[in-house]
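Sharing a structure here in structure tokens format.
Letters are used for the chains, namely A, B, C, D, E and F, taken in the order the chains are written, and counting of residues starts over at 1 for each.
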Amino acid sequence: MTLINQLVSGDDFTGFYLLRELEVKQTNGATPKDYFDIVLCDASGQLSAKYWDVSSADKETFFPMGLVKIQGNAHTYREKLQIKISRMRKVTEEDGVALTDFIRSAPVRPVDLVHTIKQVTASIADQEIRTIVTYCVDKVEDRLMHYPAAKTHHHAYFAGLAYHIVRMLEIGAFICKQRPFLNADLIKAGIVLHDIAKPEEMVAQLGIVSEYSLSGKLMGHISLASNWITEAAIRCDIDLESEKVLGLQHLVLSHHNLGEWGSPVQPQTAEAVALHHIDAMDAKLQMVEDALDTTPDTEQWTPFIRGLENKPIYRMKL
Amino acid sequence: MTLINQLVSGDDFTGFYLLRELEVKQTNGATPKDYFDIVLCDASGQLSAKYWDVSSADKETFFPMGLVKIQGNAHTYREKLQIKISRMRKVTEEDGVALTDFIRSAPVRPVDLVHTIKQVTASIADQEIRTIVTYCVDKVEDRLMHYPAAKTHHHAYFAGLAYHIVRMLEIGAFICKQRPFLNADLIKAGIVLHDIAKPEEMVAQLGIVSEYSLSGKLMGHISLASNWITEAAIRCDIDLESEKVLGLQHLVLSHHNLGEWGSPVQPQTAEAVALHHIDAMDAKLQMVEDALDTTPDTEQWTPFIRGLENKPIYRMKL
Amino acid sequence: MTLINQLVSGDDFTGFYLLRELEVKQTNGATPKDYFDIVLCDASGQLSAKYWDVSSADKETFFPMGLVKIQGNAHTYREKLQIKISRMRKVTEEDGVALTDFIRSAPVRPVDLVHTIKQVTASIADQEIRTIVTYCVDKVEDRLMHYPAAKTHHHAYFAGLAYHIVRMLEIGAFICKQRPFLNADLIKAGIVLHDIAKPEEMVAQLGIVSEYSLSGKLMGHISLASNWITEAAIRCDIDLESEKVLGLQHLVLSHHNLGEWGSPVQPQTAEAVALHHIDAMDAKLQMVEDALDTTPDTEQWTPFIRGLENKPIYRMKL
Amino acid sequence: MTLINQLVSGDDFTGFYLLRELEVKQTNGATPKDYFDIVLCDASGQLSAKYWDVSSADKETFFPMGLVKIQGNAHTYREKLQIKISRMRKVTEEDGVALTDFIRSAPVRPVDLVHTIKQVTASIADQEIRTIVTYCVDKVEDRLMHYPAAKTHHHAYFAGLAYHIVRMLEIGAFICKQRPFLNADLIKAGIVLHDIAKPEEMVAQLGIVSEYSLSGKLMGHISLASNWITEAAIRCDIDLESEKVLGLQHLVLSHHNLGEWGSPVQPQTAEAVALHHIDAMDAKLQMVEDALDTTPDTEQWTPFIRGLENKPIYRMKL
Amino acid sequence: MTLINQLVSGDDFTGFYLLRELEVKQTNGATPKDYFDIVLCDASGQLSAKYWDVSSADKETFFPMGLVKIQGNAHTYREKLQIKISRMRKVTEEDGVALTDFIRSAPVRPVDLVHTIKQVTASIADQEIRTIVTYCVDKVEDRLMHYPAAKTHHHAYFAGLAYHIVRMLEIGAFICKQRPFLNADLIKAGIVLHDIAKPEEMVAQLGIVSEYSLSGKLMGHISLASNWITEAAIRCDIDLESEKVLGLQHLVLSHHNLGEWGSPVQPQTAEAVALHHIDAMDAKLQMVEDALDTTPDTEQWTPFIRGLENKPIYRMKL
Amino acid sequence: MTLINQLVSGDDFTGFYLLRELEVKQTNGATPKDYFDIVLCDASGQLSAKYWDVSSADKETFFPMGLVKIQGNAHTYREKLQIKISRMRKVTEEDGVALTDFIRSAPVRPVDLVHTIKQVTASIADQEIRTIVTYCVDKVEDRLMHYPAAKTHHHAYFAGLAYHIVRMLEIGAFICKQRPFLNADLIKAGIVLHDIAKPEEMVAQLGIVSEYSLSGKLMGHISLASNWITEAAIRCDIDLESEKVLGLQHLVLSHHNLGEWGSPVQPQTAEAVALHHIDAMDAKLQMVEDALDTTPDTEQWTPFIRGLENKPIYRMKL
């Protein structure tokens, strides 16, 4: 079976793919006909596809996020590879293929990622801080198993959020060792909490964000997480006015650094400064790594990357 | 007794004033002497003053925010009026003067302002919204009796915050009548709640802010108020996920309009757009009115006003 | 007859509509055919439509801003409702329909709006200010009966400009009552004059701006209105150097507040500050109201609104 | 007699100078004494000076913009040269010195500069354009003989404005020759008119701007000049709507290029683009030349120059 | 033979053109067919064209930057003129047409432009400066014969870069005469060197830039030229630390004036300030002239010009 | 002997200190007297001091960067601690104190820092990259032993630059291990080279920058380092056009990330993105650590830190 990132123009092929997006469109002209404008994907990438002469039955059969078996042809259209589907059917149990094999995922198993997050949380020495972090993790534990970290910006895949947190925890552990004046409890807590409300801010399925939720739009994940800390403190009887609670609030509220990036306050504790830079380093380097991974080896340049001053990345040949 | 804004250069005068600021300084030279660098004020304005040849006893006697009787002379120094104090003593009970007569205040009695705020709160039709607003007002009711709305920006005087809220409620009532598509409950609630955490953000006495509090610096009044809404909902058993709670959160979080002005989200409900403009209109026009009031009638131009594009205001003669 | 904002996908319908835009296009392919790409509207909204297989006669018959009778079908194309026209003819006298019934209009009769503007102008106490305002209103009185206030930004419909002025006059009257230190004559004059040269800046028909005029592009409505004040003063023998004339000039020149928004000077009189905020409040809230009105009730969110930080507005359900 | 830019620390000297600024100040301490804080200048530069132990008679005798004879000593104070005046008297007729010898001036005689401006104006081929330019020049001809072009920014000296215009006319003539597609009449007119209202915008004496006028603050020189064009057209019966008038208006209104630099519209004719760049080239290069001229030869770097990205200029040694 | 800028809608025509761009596309529909989406140009302008029903042979025959003979029809498509090609063949030797007749060129012969540049270089009095400039010119002399100055911004045609340099040299000569304090050697050297690395930064053929080179993207022409100066000094044994070398480096590094425009340092010598303004004046006025030249005489407005605040230019009628 | 950061108001003390700055000033008044305005420092911090009644001999004796023995008194002046010096003499050999004991230094011995840098350089696998890095390190090896990394921004102390590089190398090593797709040679080279020209850009002594050098002002350390790479390649016969050289150039040129921060190009290789974030993390966290270290333990807040959005840092109490 041909992986999507291995198709080349001219290929006739058969294989299983995930129908990621499907729109019924009509051809132009006096007697317009329906066709499907489709995005197919597998774990290696995605391509747009056309399925012409759609029947009424087809329109009741095929929906996004379903697995299909495709017979098609790859060709270049407007400088991009595109698929013309000649035959398509839904996958049945006998085909023996699983949805999760067709989506992009973090390179570590979700269960291991969440396990690491819970382990680090459990290692927080201060009991009250640990309690608050645990409370917030519990609210989203299920969704941590699969949520991406963003719609497109970075870690935009299955369990991307948990992967982002775990990698930041690695950087955090190194930085705390290099600079012992940093409070390791606050660094751990800040990393786990900083994006903890993203599963509330975004609606996602199979690692793909379809839209922002109502509370995501009207409050944003930073204010949501800040309110969760308050909620945790009230529910667990921790003094709302204590410096611990204030320190956690500040970490979450300031982690985007600037007002125009969504932070109502700027970092004013050592750990808040560190958290912002740990977050930036992991997010930006992951953007680079993901862009290089999903760009065919034959291309020297990745596409433009919005989060990197809208520049593409060049694959150095050394 | 001469009011401060009526003193002119050359005046010898005697009177009661509030010692707003006092710093012990030393004259330059080989044998430096102590003197007091003072700011005197009364309800009409403030002036800087010098008290030379300070004794050790003086240094134990005079402290800021105390009333004093002064004999002095007004003269111009570096283009500004300044007072040279020849005699000074603390006010005693027999003098029969009250601290509150010497500070700038809102033009309406605090008790009436707070009464109006509570009355409007009670008139909110929706029971849950009313409950949350009441909970938050209760947290600061005492401080509403005297807190200013800002350190220097606008309404920076005794009960300035309550006055700001009441004037906004007047504009809000007018706008709701002019544009019935606005929800009057949300407008009322938004106005009362938008700056409700300012007394937590700032440390103030007699209408004068001395500094920002720790939580004020690390969270800011917008996030504090957002958390109070969550606290109110939890304590009063109101559904945290309801649109009502979300609507109130959004009003508070978005009322500064832009990220660089401190709002993590931008207005996305009709009432949030209205709230921002009601706030702006009241704050800016009050800056103008206060600047004109505290500028001597003989001056055509007020000082530069930071909140008004750093422009002074010209007193039109029509 | 079905109003445009009530059509749903699948509807077959017949009705009268205004042909707002019409472009002759050609289908792709070796033997291209002409078709009409059309925008139809009525007072409730607008939709794009296609008319296939256009004859030469059709091309001589149908032109924008003409009324037509349509038989058509509504269907969804690229997630938007679109109309396929099967039959179309021009409206005749017998149809008994009037152009003005098919365009979006201010909710108050133009004649009443202009009457209010003239009445308020007449109520200006100062004779010279009144003379200048009257002179400028006279220049555009006819066009005030139908001009919109902007191309798309706000009040973009029949008599939208007059409606904007009248609503601002209502707010102005309230603010002058609330804050008596404002000069009511200047507030009235500033409101009437601030956008008075918009009919010169833009070319509009039936409340729809087709383009900016040459003087609109090379001078802009602010400088045009400033020059009209000079012209009025010269023609009516009013001292060009007087503070009155200067005060009016300043109101007009500064009402956009910032240089990057087109104002060469920033507000430096109390009334100029007030005028800017009255203008902003009316324009922004009208954007919200118009966006909600023209968004189908079934949609929770309006489209993105450029003048509101490019955010959509959410229809709160309370 | 020692020129100011030739004084070095330690010099005892006697000479005639212009008293440019004088402020009566008081020494600190218990028995403060009056002294004069003075700025002395001659055509070569300026220095601050102190005159101690001022008598009442002195205070009635000495005022800014008067010539004085000084006996004094130059010394370094806070890294800057300063003068301690030991004796000072007013200049009398017998001294035979003239005010104009003591001020910085354009390097060309004002009468010649104004003559050139009038000559170029007379050479404008189009009669209506010539009439309008002449009308505006006539309004300020007297002041063109001495006004500076700005308060501090560039050409801030006697007849600096006329010098700026004349030098721009030289550049304009070259550019019109190099690029014949430019309309020479418009270039000439645009150069003469672009800053023509500066004498109305600023209050100046002897080439020194003391402040902005009321109309300067409330309208700015750009809008003032735009209104003068309208006035000229009305008074001289030229069609206000003609492209000629519009072209002149556009040149004046757009010559600062950007809204944040004070232009309500951006250049949209070839001549307007040219005018902006001719203005920029002359102003910036004159800033450089003046800064180098007024910096002692012993200094490699000029002071920071606000109009040049706040950078100092290095005197290359080649 | 009809020039491209003289074609009007409805014309049937035959002629020779340059095939500037060619893309094989497919029609929509169930049985898509190949067609060519083409850009044709001659020295007068360019137009897009369609060639339907493309054969396999056609796909092997026609490539961009080849001359073709066309039989076609001009018609309006989406408000723009477009060509439908009915017949097309490659040009043969017998046709007697030359590639260079079909491309836009500077209005002066390249050989003359390069001659002028070399002559001015030879006239630099300082031997070391002359040596460095000569070294750098030698590196690109061949490419100066045809390179454009930019991709689209300005002077985007055959020998545009050399033309830009020569015109700047004319302005530079004038400015040095008008302001003798400028060092003419540095002005000449700065003008010749400022864009000297553009042929390294961009890949161009026949005056058309197809893309930026790798070193163009990773270093930019400013840093490339700065390194060439170092290279020249090393190879020609000139002291790298001398003020001369530093002065040249500074001219090149600062000529874009601001960091956000690509200059790592801001102009800090008189000649660097002059160079920036000479560059700006030539580039901006050439944009205007080129836009007017390539806009049909019947159009009053040019298209929007990105380098001119994204404004179009109006063709004044005087 | 009392360390500077342990002095409290009222202390009479004697001790050795470094005279960091000294200015001769004069008291105000009719008979001004000379005094020294001094900055004293030791390794723990610095304070301003006054030495009254300065003799001519004193003025020939005391100069900055000399060690002195002081007898003095600490007192509070304008809310800051200040020293009044009663006796002062130069240090003699017998005092047995060394200059280097009195200056702030990196917490690691310079010789060890430089050793580490050379060791890491030697570990670069690619021979050409290693050669270039070695060449550049050799140019500044002496100065690496003592140069600070900046004037005030970060690592502004003895050997601060080498310390900055070494700490970045630690982070770099970690990141390369965490993300093997990064080229370790380029990361090492980029870290060593990124600020390698700072000793050329700034003039420093004892870890204190007094000013920027001429080449520092006219080229900046980024362009200087870029030119050194070219120089190294030429001198060591390495192909200037190779991707290796280009890769190193890009690392240096882009490491400030944005044009307004001084980088003429933005990061476009994986290693360039990494380098920017490694640099930012080390610089910002060191600013925090240094600010906390030099703020007395009794203070909860550090001073405002320009590089951290001009915010102070709060010392969390957990």
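The criterion applied here is as follows: contacts are C-beta pairs under 8 Å (C-beta built on N, C-alpha and C of every residue); 3 or more make two chains touch, one makes a residue touch a chain.
Note that this is a predicted model, so its numbers are computed, not measured.
Give the chains in contact with both subunit A and subunit E, ordered by label.
Expected: C, F.
More C-beta pairs touching across which pair, D-F or D-E?
Per the contact counts, D-E leads.
Quick one: report the Å distance separating subunit B from subunit E, using the average Cα coordinate of each chain.
61
State, to the nearest whole Å, the distance from the C-alpha centre of subunit B to the C-alpha centre of subunit F.
So the centre of subunit B lies 43 Å away from the centre of subunit F.
Listing for subunit B: what residues touch at least two other chains?
Subunit B, residues with two or more chain partners: 28, 214, 217-218, 243, 247, 258, 268-269, 314.
Could you run through all the chain pairs that touch each other?
Those chain pairs which touch are A-B, A-C, A-E, A-F, B-C, B-D, B-F, C-D, C-E, D-E, D-F, E-F.
State the interface residues of subunit C toward subunit B in the complex, per the touch definition above.
126, 167, 170-171, 174-175, 178-179, 181-183, 185-186, 243-244, 247, 257-258, 266-271, 273-274, 277-278, 280-281, 284-285, 288-289, 292, 308-309, 311-314, 316-318
Write out the stretch or stretches of subunit F touching subunit E in their complex.
Residues in contact with subunit E: 214-215, 217-220, 222-223, 226-227, 230-231, 234-235, 240-241, 243, 246-247, 249-250, 253, 258-265, 268-269.
Quick one: which bits of subunit E touch subunit A in the complex? Just the residue numbers, please.
Residue positions touching the partner: 23, 25-26, 28-30, 32, 214, 217-218.
What residues on subunit D touch subunit F, complex-wise?
27-28, 33, 35, 52-53, 75, 77-79, 84, 314
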